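Here the structure comes first, spelled out in structure tokens, and everything after it is commentary.
As written, the chain order gives the labels A, B and C, with residue 1 at the start of each chain.
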Amino acid sequence: MFTPSVQHWLDLAGIFVFAISGALLAVRKNFDVVGMALLAGATGLGGGLFRDLVIGAVPPAAFTDLGYLLTPLAATALVFFLHPQVERINRAVMVFDAAGLGLFCVTGTVKAYGHGLGLAASAVLGLATAAGGGVVRDVLANEVPSLLRWDREVYALPAMVGATVVALLIHTGHLNGATSGAAAALAFVLRLLALRHNWRAPRAWHRRSRRGKEGAEEV
Amino acid sequence: MFTPSVQHWLDLAGIFVFAISGALLAVRKNFDVVGMALLAGATGLGGGLFRDLVIGAVPPAAFTDLGYLLTPLAATALVFFLHPQVERINRAVMVFDAAGLGLFCVTGTVKAYGHGLGLAASAVLGLATAAGGGVVRDVLANEVPSLLRWDREVYALPAMVGATVVALLIHTGHLNGATSGAAAALAFVLRLLALRHNWRAPRAWHRRSRRGKEGAEEV
Amino acid sequence: MFTPSVQHWLDLAGIFVFAISGALLAVRKNFDVVGMALLAGATGLGGGLFRDLVIGAVPPAAFTDLGYLLTPLAATALVFFLHPQVERINRAVMVFDAAGLGLFCVTGTVKAYGHGLGLAASAVLGLATAAGGGVVRDVLANEVPSLLRWDREVYALPAMVGATVVALLIHTGHLNGATSGAAAALAFVLRLLALRHNWRAPRAWHRRSRRGKEGAEEV
């Protein structure tokens, strides 16, 4: 899809921005520096680790490439010293996070398909690669995963769209560097639009008509 | 045990009822439709996924059979439009859930044994297949797993009994369609009796004598 | 490193003390006896299970050795009948837990390296073996993992030191029974010193200068 070297640097960049979000949550939860590093690592590597365990690619990439282990530590060091500044550019962090989301939903789908899974299962694993780290982060921090919450802008849907487009590209034999880059860009732009326009997914049918009365129930 | 085709439909039915319980919890927690689908999928497929990772059956069945991926989506659609009605027949849902529990503790034990595990380990994995999805559901929704709570009717015990009976049947060479069906029925009936008569497992020794004073401590 | 038989008994002892901590938390959370057994098992076996899944050693040791399954049940029985007494010797339990931490960070690193992982990845898996069970315990009990919390004595750091020393011993070709025992003892003593002197890891930079005002924010 890309040259291995470009692919590798893009992977590290995605892990880095996800790790930043883990380290920032650790600061908000008042964890110590060890907790920051562990939460950063779990966020950056959790999605790919789940994918690799499911497709049987053991040991997972997270444990065979030293750069994958060191990148979350770099993110931890940055947040440790500069977390007020990082919080202040939170909007920029979310843009990078959206880029990681777009990138990982594509690479995750491609890797799963390359290990022999079907197109639908590959797309599901692409979604898991992109969104799984954030779920691990929130579960470890004892929070309701923001992926599931109604009062958050859609996060999984852009990754689902990107992963589905990649699956269709594979099916029709049109997957190459340009089209997969376009799929990643599509997921990225959808996530940015969701953030800008506060796009939310609907809740169950009868919940929606009572939206105004439900503030107290929100989790 | 059963013909492959019957087995497959029973599996899908079990996944469906477990997924219903996940989607209903998502509605109660005010999650959006994406959260409903993810929680439904995690509940329906989580137990079998854990079993398959442990026995090394990768990619797990959840990712090789399209029906396994689509069934939680069907459950999500049903709950999305009809959740007040589904809540109203909650008693019926729990009966189906008990049927899924009985079925999965049997099939999980048989599959684990077929992959070379010992009898005790197979029974433990049978329990994990049957009860694991509910644990994943509660952890993702940031709730204390109802499996662990004292103030819930026993859930794991019927599955343990069913899985143990299957292990004994394998050991004595009497496992066949009829006896494994009987083991599933036994777990099913035990769970129904537990629901009807509010059977609870005891808490630790000295807790029990102070039961009246402990309301405030209950989690 | 040690003779297989000594190694096996040490493993069971480590599982036993971790399982005790799981069963005690279950009592504090008012879980029933089934919840105690499941939490004890998850705490005692969770770290090694994660390591074995990552290195591809399936089925994991927890499911191939009957002693590994029975040890948490023994811990559950002990806590079930004697939990006030076990709570009273909580300090002794923490000493044993520190011993388990020292032991598992060494054996986990050695096992991961033996399955072909690099030195850094092996050390990370040694840490995961030693500290993973406690994380699983806290996540299942719906608590913030004490491993991540600032207001707890350092737990991961002693295991990191022990695992790193083992990795260096492997690298320099000096790993044997005596040196690995010394690495385990080092982690053990560091954890005991942390408990005695309330050693805590720092929080992020600017948090530390406002320490006095932050009581309310602590999680």
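Here are a few things to note about the model shown:
Heads up, the rule we're going with is that a contact is a pair of C-beta atoms (placed from the backbone, for glycine too) under 8 Å apart; a residue touches a chain by one contact, two chains touch by 3 or more.
Nothing here was measured: the structure is a model prediction, and the numbers come from that model.
Per the C-alpha superposition, chain A sits rotated 120 degrees relative to chain B, a value rounded to a multiple of 5. Of all residue numbers seen at the chain A-chain C contact, under half occur in both copies; the interface is built from largely non-matching residues. One simple way to say how far apart two chains are is to compare their mean CA positions; for chain A and chain C this gives 29 Å.
Touching two or more other chains at once are residues 53, 139, 142 of chain C. If you check the complex, the residues on chain C that touch chain A are 53-56, 115-118, 120-121, 124-125, 135, 139, 142-145, 147-150, 154, 156-157, 200-207, 214, 217-219.
For chain B in complex with chain A, the touching residues are 26-27, 29-36, 38-39, 49, 53, 58-60, 63-64, 66, 69, 79-84, 139-142.
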